[in-house]
Amino acid sequence: MNSLKNAWYVAALADDVALTPIKQVIAGNPVVLYRADSGKAIALDDRCPHRFAPLHMGRVQGDSIECPYHGLQFNGQGVCSLNPHGDGRIPAAAKVRSYPLVEKDGLLWIWLGEPALADEAGVIDLAQFFDTEKHTLVAGYFKLNAHFEVVLDNLMDLSHAPFLHRATLANREDVDKLRFEMQVDGDVVVANYSFNGVRPSPQFQPFWASSSSLADGRANMRWTPPSSLQLDVGYTECGGLVDEGVYLHMAHLLTPASESETHYFWVAARNFCIGDEKVSQIMREQIQRAFQTEDEPMIEAVAGYMDSVDLLALKPVLLPGDAAAIRVRRVLQKLREQESASNKSKAA
Amino acid sequence: MNSLKNAWYVAALADDVALTPIKQVIAGNPVVLYRADSGKAIALDDRCPHRFAPLHMGRVQGDSIECPYHGLQFNGQGVCSLNPHGDGRIPAAAKVRSYPLVEKDGLLWIWLGEPALADEAGVIDLAQFFDTEKHTLVAGYFKLNAHFEVVLDNLMDLSHAPFLHRATLANREDVDKLRFEMQVDGDVVVANYSFNGVRPSPQFQPFWASSSSLADGRANMRWTPPSSLQLDVGYTECGGLVDEGVYLHMAHLLTPASESETHYFWVAARNFCIGDEKVSQIMREQIQRAFQTEDEPMIEAVAGYMDSVDLLALKPVLLPGDAAAIRVRRVLQKLREQESASNKSKAA
Amino acid sequence: MNSLKNAWYVAALADDVALTPIKQVIAGNPVVLYRADSGKAIALDDRCPHRFAPLHMGRVQGDSIECPYHGLQFNGQGVCSLNPHGDGRIPAAAKVRSYPLVEKDGLLWIWLGEPALADEAGVIDLAQFFDTEKHTLVAGYFKLNAHFEVVLDNLMDLSHAPFLHRATLANREDVDKLRFEMQVDGDVVVANYSFNGVRPSPQFQPFWASSSSLADGRANMRWTPPSSLQLDVGYTECGGLVDEGVYLHMAHLLTPASESETHYFWVAARNFCIGDEKVSQIMREQIQRAFQTEDEPMIEAVAGYMDSVDLLALKPVLLPGDAAAIRVRRVLQKLREQESASNKSKAA
C-alpha cells in the first residue's frame, strides 16, 4: 500500500505479545509476533514458505516458532532451524522474512523497509512524555475501517470536538472561545488549541477540584512522521501554567493495516489520582466511549464517502482549521516521493 | 447507474420523514431527507463538502441541517448558512446539491436530473386512485436486493400468482381460468388479468360476504414510466361490476437504490371494513407475508441468476404472458436513449 | 473454472437426494438434484430458461420438476413437458441442460463434460473397498472454503498428521517413526505411510483390544483422477497383516464447487464393532472433530495465503514428503491439457 516503508510503526502494545503468538497485518503484510523463551519479542512473516500455513497458529519452541501444519521450526532470524521429517535436511530456501523490532516505552515498533536502514535511534522517544514517575498510565487499542490518513485528519483537526464530542471530550459552547495555532518544525507539525474561561469538559469535570467553575483549557497536538501523535490536553485555573491543574499526556500511534484499515494504539498518562485503579478504569471507559460512539462511526462514514485516499484530489472545501491536517498530508506525500526517488536511484 | 434521471421517483413515505434526518441512497446518490421547522421536506446530498461527513448524522436547526463533524450548517437550498469557527467566513464553494422534492398523496417524490426540467405537474396523480373519502389506506416499504427492472418484471407479469402465491394472493387452480390482455397507451402499459368463476383468493376470502362461493376476479396493472404501478385487484359476484364487491387499489412505487438494490414503496386502499384498524393490520400482515416469503426470495434468486441487468441479452424463452413486462423494458430503453440523445445535443 | 470437465464427480450422497429438490453448485454450475416418483435421481441446470427462477425451489411432479415462479415443468431429460398457461404451447427452446447421473455405492456421480463421452464404466468402483458384508459404514459431508487442489494437497501428504492432528488422528511422537513411500500406477498415485512400534492414535485407542500397548500403524492413500481418494488406515499387532487388527477404509471424494469452494464427501467402513450404532456415532464425531477443528481451519488459512491456485507458481519450499501431492497436481495438469487439446482438435 501507499505508505512509507522506511519508518517505525507500532506493531503491538508490548504487554499484548507473549508466548502465545499473535497475527497482525501491517501495511498489507501478515506478521506473526511472539516472545521467545528469552523474553525477546520477534516479528516474522506469518506465511510458512513450505505450504503457506499461518505460523501464528503454531507454538513457540525456545527462540523458534513451530509451523502448525508440518512442524518446521523458524528461529528469531526467520531461518528454518528444524525439519522433523525424514533425514531432517533443511532446504536452503526455507526462510521467512524477519522484521526489525524494537521494544520501547511499553510499545513494540516494527520496521517495514530495508533492514539495513533500520536505525533504532529513529524510534520516537516517549519516555519523558509518559514520565511514569509523575503519571499513571492506561493504554488500549482500536481497529478502524478507514485509511490511516483519514484518522490523521481527525486527530490533527480538533475543532471537531465541540460538535462530535459535545457529550464527552468537549462542550458545545467552547467553539466560540476556541483559538487555533499551527507550528511547523521541519517535518513535525504542531496544532495548538486553547479555550480560555470555559467549564472543564465532561472528561475532566469529575477531577476538577478548584472552587472556580471556569478554567483555561488546551489541547496541543504534535505529529511526528509517519504517524506518532502526542496530545497534551488539560485544564488549569484561569491564567495558570500547563504543569498545574489536571492533564493527560496522550500518545495516539497509528499503523496502517491495509488501504482501508488502521491499527490505533493509545497511551494516556495522567497527573491526577495517581495510582488509583478505579480512576484508571474510568479513564479507559471515557476514552473507549468517545472513540467507539463518536470518532469511529464518523471516521468510517467519512472514509466510506471518500472515493479516493487522496483527500486533496476530492477538492474539499477547506477552512482555516484544516491547516495542520493538510500540512501533515503534504509532508507525508513529500516523504513518500523522497523514498520512491531513493529506491529508484539505488535500482539504477 | 443506468436509469432515467429526468423523472420523479418516490424518495420516502411522507410520514417517515420528520425532524430526525434519514439517509436514503437513490440511484447511487446518498441523500439526506429531513423536515425543516416549517414542515417543508428537504432533500440534500448527504456528503458535507468540507470533510465528507454524512449530514444525516447531524441535527436540524430551523431550515438548515448541521454537519455532525464540524458544525457547518446548510439550508434547504444546500447553501452553507453558518460556519461556527473563527471569523465565521463561509467559502463560496461551501454548498451541497439540493434535489427538487414534491410532497403529494402521502409520498415524497424526488427529481434526480436537471433541476430546470423538474416540472411538478409530471408527478403522477394518485389522489383519485387512493380516494381517501371512500377507502381506508395502509402503506409500507420493502428493500430488495435486485435491480429495479427485475422487480418490474415481477409486477408486470401476474401469471406467476397461482404458482408463487398459491397460499396467499391466488389459488393454484386459477391458472386454468386466467385471461390476460395487454393495452398500450403511449408510454403507459396496462396488463389486465381476469379469472371468472373462481373462489376468492386467501387474501380476500375472509372479507368475501356473499352467499355464493364463486366470484369473478381481476388484477389490472397499469405502469407509468419510470416505475409507478397501479393495481386494481378484487372480486365481484359473477358478472358484477368493478365498483362492487371487494377490492384493493394498490400503488407499487419502485425507486432504484443501486444496480442491485431497489426501494419498494406501496400503498393499499381498500373499499371494505372502512376505518377498521384490526383489518388494516391484517392487510399489512398479508402483504408483508406474500412479499417477504414469496416475492422477495424469488426476485432476489432470479436477480442472482441473471448475469446481466439486460434481460433480453440473456435470450430468455418468452411466453405470451411476458408481453407486458417486455414492453415495459422496451419503453424504458427508448426513454433512456432519448434522454441520452438530448444530453448529447445539449453538450454539442 | 479450471477443472476437468470429462470426469465423474460426486454430486451428493444418495441418501441426501429425495422428493424435495436440493441445489448443488458444481464447478460453478448451479444444479438441481431430485428423485422422480420412479426413484430415479435426476440432475438438471437449476435455472429456468424462461425467467431464470431457481428450479430447486419448485416441486417434483412425477418425473418432472415444476418451476416455482410460473409453473413450467421439465422432465428428467430437461425438456419442458408442461406449460400451464394459455393454450399450453411449449416453445422449442424451453429446455434445461440435463446432466448424466449415476447412482452407485450410495453415491450420486455427475458428469460435467460432453454427454456423449459419459461412460458409466468410468465411475470408480468402491464396492469391494466398502464391502458392506464385512464392514459397518458411516458417511458425511463437509463444505470447504478452498480450491479443491488445496484439499488434495492436504490429503496426499499425511506427514502433517503428527502436528495438525496431534490430539486426534495421530501422536506427535510418531513423526520419528514415520516412513513414506510413493507409488505411481499410470495416472493413479499412491502414498503409503507406515509407523511401526507405536501407540495407536487417539482415534483407534478406544478400539485397540490387544494386551500389547504398541502396534504397527499404516495410512495408505490412493488417488484416482480427478479427485477420488481411498484411505486404508489402521493398526495391527507388531508384524501383523493388514487384514488383522482394526482399520477404516475411507473414501474422500472431492468435488469443486467454485474456484474457492469444495464439496467434501466421505465414507468410512470399519472392521470393528460391526453394527454398533453407538460406535458409528463415535466415528462420526471423531471425523467431524478432526475435520472441523484441525483440517478445515488450516486448509482455509492456507488457501487464503496462496495468491494463486497454481501452487508451483508460488515457488514453495518442497520437502521429500511432498512428492505425492506434487505428482497429483502434475497429473491433473496433464489431463487438463489433454482435454483442452482434444476440444481444440474437435473445434478445428
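Lettered A, B and C in written order, each chain numbered from 1.
By definition in this document, a residue touches a chain if its C-beta (ideal position, glycine included) is under 8 Å from a C-beta of that chain, and two chains touch if they have at least 3 such contacts.
Bear in mind that the values here come from a model prediction, so they are computed numbers and not experimental data.
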item: Topological distance between chain A and chain C, in contact steps; value: 1
item: Fraction-based call for chain B against chain A, same above half, different below; value: different
item: Where chain A and chain B are represented by their mean Cα positions, the distance between them in whole Å; value: 47
item: Residues of chain C touching at least two other chains; value: none
item: Chain B to chain A touching residues, read off their complex; value: 30, 46-47, 49-54, 57, 66-71, 83-86, 91, 93-94
item: Chain C to chain A touching residues, read off their complex; value: 153, 157, 159-160, 162-164, 175-176, 178, 180, 297-298, 301-302, 305-306, 314, 316-321
